[in-house]
Amino acid sequence: MAAIILAAIWGVVMMFSGLYIKNKAMAKYIAVTGILVLLLVNALEYYNIWRIDFDVRGLQKFTAFGTVFNTIAFGATLLYFLLNGKEFEEVGKDVFDYYALIFFSLCGVTLVSSFNSLLMLFLGIELISIPMYILAGSDKRNLKSNEASLKYFLMGAFSTGIMLMGIAFLYGATGSFYVGAPNTPGMEPMVAIGMVFLLIAIAFKVSAAPFHFWTPDVYDGTPTVFTSYMATVVKVASFIGFLKLFDGAFGKSHGEWQLLVAILTAATLFIGNITAVFQQSVKRMLAYSSIAQAGFMLLSVFSLNTFGREGLIIYAAAYSIASIGSFAVLIKLKDHSIEGFNGLAKSHPFLALMNVVFLLSLTGIPATAGFFAKYYVLMGAIKSGQHLWLVIFAVLMAAVSAYYYFRVIQAMYFKEGTPEVKPVSGAYKTTLWVAAVLIILIGLFPSVLTKALYA
Amino acid sequence: MDPKDVLITFPELLLWFPLISGLIAFTLKNGNSAKNWAVTSSFISLAIAVTSLFFMDSGKYFNLNNVSYYWMPSIGSSFALKYDGMARLLVMLNAVAFPLVFLSTYKQNYKNPNSFYGLMLLTQAGLAGVFCAMDALVFYFFWELALIPVYFLSSIWGGERRIQATFKFFVYTFAGSLLLLVGIIYVYLRTPEQSFSLNAFMQASIPAVQGKFIFWLFFIAFAIKMPIFPFHTWQPDAYEQSPTGVTMILSGVMVKMGIYAVIRWLIPVFPAQTAAFADLIIWLSVIGMLYASFLAWQQNDLKRLIAYSSIAHIGLMCAAIFARNESGLDGVMVQMFNHGVNVIALWIVVELIERNYGTRKISELGGLAATAPTLTVFLVVAALANIALPLTNAFIGEFLMFNGLFEYGKAVTAIALVSIILAAVYTLNMIQKVFYGEANMSLAGVGAPVLGKGAITALAVIVVIIFAAGVYPRPMLELTQDSVNLFFNKLKGL
Amino acid sequence: MSITHLLFWFLTVLALGSALMVIFSKNPVHSILWLIGTFFAISGHYILLNAQFLAIVNIIVYAGAIMVLFLFVVMLMNLNTSAIPVKNKWLGFAGVISGGCLLLVLTAALKDTAVMRNDVQMNTGDIGLIHNLGMVLFKDYVLPFEVSSVLFLSAMVGAMIIGKKDTNETS
Amino acid sequence: MTIQHYIFLAVALFSIGVIGVLTRRNIIIIFMCIELMLNAVNLLLVAFSKMHSLAATAADAASKAGTEGQIFVFFIMVVAAAEVSVGLAIIVMMYRNTHSVDVNFLNRLKH
Amino acid sequence: MSNLVYLVPLFPLIGFLINGLARNSLSKGMTSVIGSGVILASFVVSILLFLQVKEGNAVTVTLFDFINTGKLSIPFSFQVDQLSSIFLLVITGVGFLIHLYSTAYMHEESNAHFARYFAYLNLFVFSMLLLVMGGNYLIMFIGWEGVGLCSYLLIGYWFKNNDYSNAAKKAFIMNRIGDFGFLLALFWMIQHFGSLTFGEVFARADGMNMNDTVLVGITLLLFLGATGKSAQIPLYTWLPDAMAGPTPVSALIHAATMVTAGIYMIARSNILYTLAPVTQGVVAVIGLATAILAATIALKQNDIKKVLAYSTVSQLGYMFLGLGVGAYTGAVFHVMTHAFFKALLFLGAGSVIHAMHHEQDIRNMGGLKKHLPVTHWTFLIGCIAIAGIPPLSGFFSKDEILAAAFSANVVYWVIGVLGAVMTAFYMFRLYATTFLGKFRGTHEQEHHLHESPAAMTWPLIILAVLSVVAGFVGIPAVLGGSHELQQFLAPVFAGSVKLQEAHHLDHATEYILMGASVGAAALAILYAVSRFSKKPDLEEASGFGKLLQNKWYVDELYDAVIVKPLRGMSAFLNNVVEKLGIDGAVNGVGKLVHYGARQLRLLQSGQVGIYLLMMVIAAFVLFIIQLFVK
């Protein structure tokens, strides 16, 4: 609860400090403070030391799961701020407002991680999305940015409509907006319709094929600094919402809709991985790879069991950290095409090495967090016992993913070239290093995360 | 010694030591110091491995050879290493191989050597982990980890087509191991008390139909690693393109991972399915043997020739394993070690030839016997060991393996035996074209062959091993007896 | 055929008809006007359902504020001349088909389920009255209410960021 | 009236909205069609709320069941308003840069 | 005496190690002393052993457990009994003489190569000793492969010459084909008898009934091995090419010892063969066919060593005939005598070649009688011996085999005698063309002609003496002798003798047979000498002669039927199956992914309208699946 309130408040704080503080560089520090505060209150809440509580009429339900996820989201955002402070200033002059928007969206994230009513889910997702529409278009003179924001907005609004239709039908069937309401073994047509509408809407938010079309264009057009946030925190938040919704609302009728999710998963994995193979721009490649990763996260919804849930948490952490790191390296390069990375290992061995860690994690090589992320969701999927073909397909696609991630590694290590790299500060390097260490740590002892869920 | 006061066990030592010294090697900026560091470290590992041979009695020194502590209790995975006969044998191979490699390539000056030697030592650690792991998850962990350094080694220091070749190698094996991962999870979920330990896996209740399917998930992963026909095509390219030092490890030690895995993780876990598919796999392997031998006959690049010949040998090992009788398995055990050593000798000679004469093309070489008699002697010995001449170490293995295969089936053995004729054909062809005949004067370094002391020592050591193990194989046979017995007890359902 | 029924059918025809006109009229301005018509029809339905509060809000917010905003933008870009034709034939066609299919599927799925027979409380019942709604809104739904304020805030900030001219862009 | 009348009406309006979104190229009109979809949803929600309240009041006259439906409609309107403000801002920005409101005018980002 | 046994192979091994490792530092003198000395030493030990055995105490010495896994236990053991002791004597004795001879013959070689030569030679003797002393089939096989290796090394001794190394390769590969059979036989024995130790195998085989499939199979496979090692049809073609090696090597390996390994092996396993008459038939026929085929070819060869080589093949054929008809003693007897006179002939030829400066074509010789007296006389003795003229050794051994052949099947005898006649003919054609008539070589050759040094002539003389007297150890009863050899070997063949029905020829028949063969041979000799001493056929052969001169084109046949197709196949596998098929498939997957990527990204058209349309269609499909399909 405290996190929700503070996130909103800090958004306002950022706005106003924007009025009085002229030094843009300050924004970063204020924002970082904010995140630290958020992390703090979150921790306090997690350990039941101090929490704000008032009767929300059961609209929200605060669980360890949600809190742990919040921690991950805030942590990722912290890394993100620390790594990209400079780039914020390069996008435009409303630096403080950008931060404010991100805090508002964080508020949405916290809502989504703990909603117990479809109303809150709806508001939360809107609160996440609307700032993103704007950030996508924040580079106003750049037509690509315009296009990204327009596409994102149009399709986003459309999907909102679809989601609302779904909610309406669920309401019609159950007479209540509480998540648990439609959770019954069978599935009468009206609930089914509502479920499918919701599925479509959320599939859109998490960019699951065939509702993924916006993703590459938007990620590509958006200023890279914001793509990094969109592709990570926002996406995993939507996933948490997805999981919580389908767990809470349709858990008992799992068998009824598992096939649909299986189809979405397969399609997502296929399109994401295969299309990524051919991309020349690393930014766009990462966009497709985020679709591919979404495919794996979908497995957790598909399996809807303990392993799935733990898996999603680990995946959220692994994927967010690795992607943010990888984007942070990318953003330092002038040329975003794969050739841009040629010879990075020679000119900037540290950046290259860190990037390798992140890419290996995204590929899912053992001793990196990505391995256990994939490992858990696969375990969940196999445990659910249905559609084993999906699992096989998934791992084959993972093999394909090695292809495009390693193209970057090859460029950095085995190709000759002199990449133009913006100057990197010591703080930046340290943060990058911390991120890499986190990846390795989770990769060796994933239990730290999974255990936290049951404290 | 009293079980209580065990500070660290052998398997851990053999695993962590190279890992740490590898990491240290990265930090050494001065090239030579990195090189010497690596050599020293590899010799220390060897010393440890040798020492461990004196603490074999599993009853007395149990705590020295077994270790297990919780890693992820939530999913029942513990960091369990066991140092039984087979593990000893292969860890020994691993420990012997690296000093040999470092010595023989001592003259070779790699660009930024600290990373080269660092990665090499990491590979050694990974391999040690694979050979000792008693927990499926740990096993898979190292199985993958051993791959990554090799990928970088080959791609950075390899030949001109290195990037494609090693990348093919990487993706191919990576796909295989992912299938393995699925298999492991599947079995894990059907173990009695949800554990990854080998014993739990052996007790897993696997339904017949899915079992067949899962069996193949495991087998394909291992088959790619070994590799056996028709999953072998990554190998010649990878061997050809990797720097010879790495190729030695690849073919000397790494391919043993596949065979080892089949013996430890596949057959004991899937006895029924193994029985069902043994025929198919054995025929596959035998076809592979002949196929590879015929291809070896055609090769013009020494490295590719050796690559194909080792495919043929691996095929025999695989067939012998699936014959599932004691003679065969004993043969495989000794052969795993001996083939590793012999093939390393061959690579060393190739390395020397390439360094002295600047080519590996058989057609461009010739008459080396006149200019480089010592080299010739070594190669001839290695080659004869390679075609399993009696009193060389390889003979023991092949004899036992063929014998085991014969127990399984006469016809298949007869066909498989044809390969020893073919082996003679391509090996002697190679010897003749490269060493006999008039010296080819167009060669760069003709008449001035430079054999480093390191290389000579390495080769001499190998030659000693070849004959020692060939004349008196019993110690090796006894070393692995416990693993063999365990294997058959499991098959007999004891 | 009570008066309620007559009104219902009248409003329904009105709503659907003007909705169709929205998408088929060439001129944007006309579309807007037709949309307003639709909104009025829907508000009528609200009244019929005795949800006066929503009826009013619908008129004020939608027909009043939002649509005027649209109209304003259109005028600003003076698109009142029917600028853009419908997009290429088969695409429009495909659009109609798939939209229609969606309609069909839904109706087909729903048409003979028990729920459909349930009656709807017409022009009675006080839940739709502002007094009741207000109580609930500020008692039970404080959190969403506040959240929506945050939502507005972010939307406002966004509109400012996007909308206002950059100083550097004039130079 | 029975609920099905409203359901069919709402679904019909919704579909018309969808068709509009799919067939028109003028961004503003597409946007309007989306609003139309939202209104369809609103109507449906109100209808449902009245349906439930009828069912509830039958049992207990004082029951306030169904209120939440109309509350939800209220929030939908709020969100819609917010979206409109952002959306129009984006459209204006685009128009400023391209002097077009053709949805297909911008397709630099592809493949 | 058991402590002596291991010395026999040990000495040559030591010699090999010293000569091999220190080859760059040793002088020729040292090398010769060590090389020959070690052989002499083991010869002495062999004599001691022989005497012990003669006392009647044969021994088996186990050094250590070689292979010991579960059921299978194979000791590293030596067995010295009557049979092996005879072979020991022949190997070490003749071996020593040839080493001695080589010290002079190879003197032009450089130090290192000289040492290498002796190293190989010692290694060969070592392996050959393992072969005959092995207490079980595996040890025998070790020696078996070892001698093959040495013959490979020695044939290719002058490795610079590609034809030579080709010959060496051919020899090794053909031997490998034989080993293929040998190994299979071993596995079969292990499976069926559970052991490879001679004693146990024979004991268990004894009980089995005649022509048991297992026995036939095993014996045939063993015989396949023998055909490889002892140059029988179909694997004989390597032996003539093997003449590429230095002549003493031909004498030792390709005449006296190694090629008789096959005979030793079968004689050793005589029980098995006696129990498998089917195989015996095969052995006899193959042997006979080889004898006659080789003889015909020898008729037209002009290379002095080739003639001897084919005669060796043909003589080996006789030995197999002997084994085939169950005359094991006869076969062994012939091995012994043949070792003497064929070694003698080769060494003589070597001396001639030495004198003629590596000229081997007899058409360029002639009239060497007066230049090389010692060589001439010893060579003549050798010829008479091989031609089977009494009382020289060849007569007794060959006659014993022929007699046995006659009692087995008259046809065998007839063909056998025919072969004998041919043998007499081509040997004396060789003799006459080389030593009689007038010299036909170049002038400086004639100028340099000289008798070889003592180190070469002495071995000749000793061997000549032996070829004369060796026969007397086996004088058959009909000639009033009491076949000592037979009695000596009796224990080894006892089992077989017990099983064979004792066929006995009356003396009259025996006399007739002897007379017939000897007479025919004598006539052939007279004709050959009278014809070729005057005008040797120098012109190229034609017609049938050409066919013979080209060895019935067997090599060409093999090349066309076996080698070429295999090469073709492997090329096909390499270029088509591997590159296009398997690897193509693997790369194909990669290509497919690439293609798919290129197509799929076109889906991303960049037009919102199309995106939305696709979304709606997808939604429609999902609804269908959810609501109606399931």
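Per-chain residue numbering starts at 1, and chain names A, B, C, D and E are given in the order in which the chains are listed.
Heads up, the rule we're going with is that a contact is a pair of C-beta atoms (placed from the backbone, for glycine too) under 8 Å apart; a residue touches a chain by one contact, two chains touch by 3 or more.
The structure presented is a predicted model; accordingly, all values stated were derived computationally and were not measured.
Where touching is counted per the definition, the chains common to chain A and chain D are C, E. By number of C-beta pairs in contact, the leading pair of chains is C-D. Chain centres computed from CA atoms place E at the largest separation from chain C. Work out the mean CA point of chain A and of chain E, and you get 78 Å between them. Inter-chain spacing, taken between the CA centroids of chain A and chain B, is 42 Å. The centroid of the Cα atoms in chain B and the matching centroid in chain E are 38 Å apart. If you average the Cα atoms of chain B and of chain D, the two centres end up 66 Å apart.
Shown for chain A are the residues that touch two or more other chains, namely 119, 123, 126, 130, 133-134, 137, 140-141, 149-151, 154, 158, 162, 172, 189, 192-193, 216-217, 403.
Within chain D, contacts with two or more other chains are made by residues 3, 7, 17-18, 21-22, 25, 31, 49, 51, 55, 65-66, 68, 71, 75, 79, 82-83, 86, 90-91, 93, 103-104, 107-110. Residue positions 601, 604, 606, 608-609, 612-613, 616, 619, 623, 627 of chain E each touch two or more of the other chains.
Every pair of chains meeting the contact definition is listed here: A-B, A-C, A-D, A-E, B-E, C-D, C-E, D-E. Chain D contributes residues 18, 21-22, 25, 103-104, 107-111 to its touches with chain E in the complex.
Interface of chain A with chain C (complex): residues 4, 8, 11-12, 15, 56-57, 59-60, 92-94, 97-98, 100-101, 104-105, 107, 111, 119-120, 123-124, 126-127, 130-131, 133-134, 137-138, 140-141, 149, 172-173, 188-190, 192-193. Residue ranges of chain C in contact with chain A, taken from their complex: 106, 109-110, 113, 115, 140-144, 146-148, 150-151, 153-155, 157-158, 160-162, 166-169.
Across the complex, chain A is touched by residues 593-594, 596-598, 600-601, 603-604, 606, 608, 611-612, 614-615, 618-619, 622-623, 625-627, 630 of chain E.
Within the complex formed with chain C, the residues of chain D that make contact are 1-9, 11-13, 15-26, 28-29, 31-33, 35-36, 39, 42-43, 46-47, 49-51, 53-55, 57, 64-68, 70-71, 73-75, 77-86, 88-93, 95, 101-102, 104.
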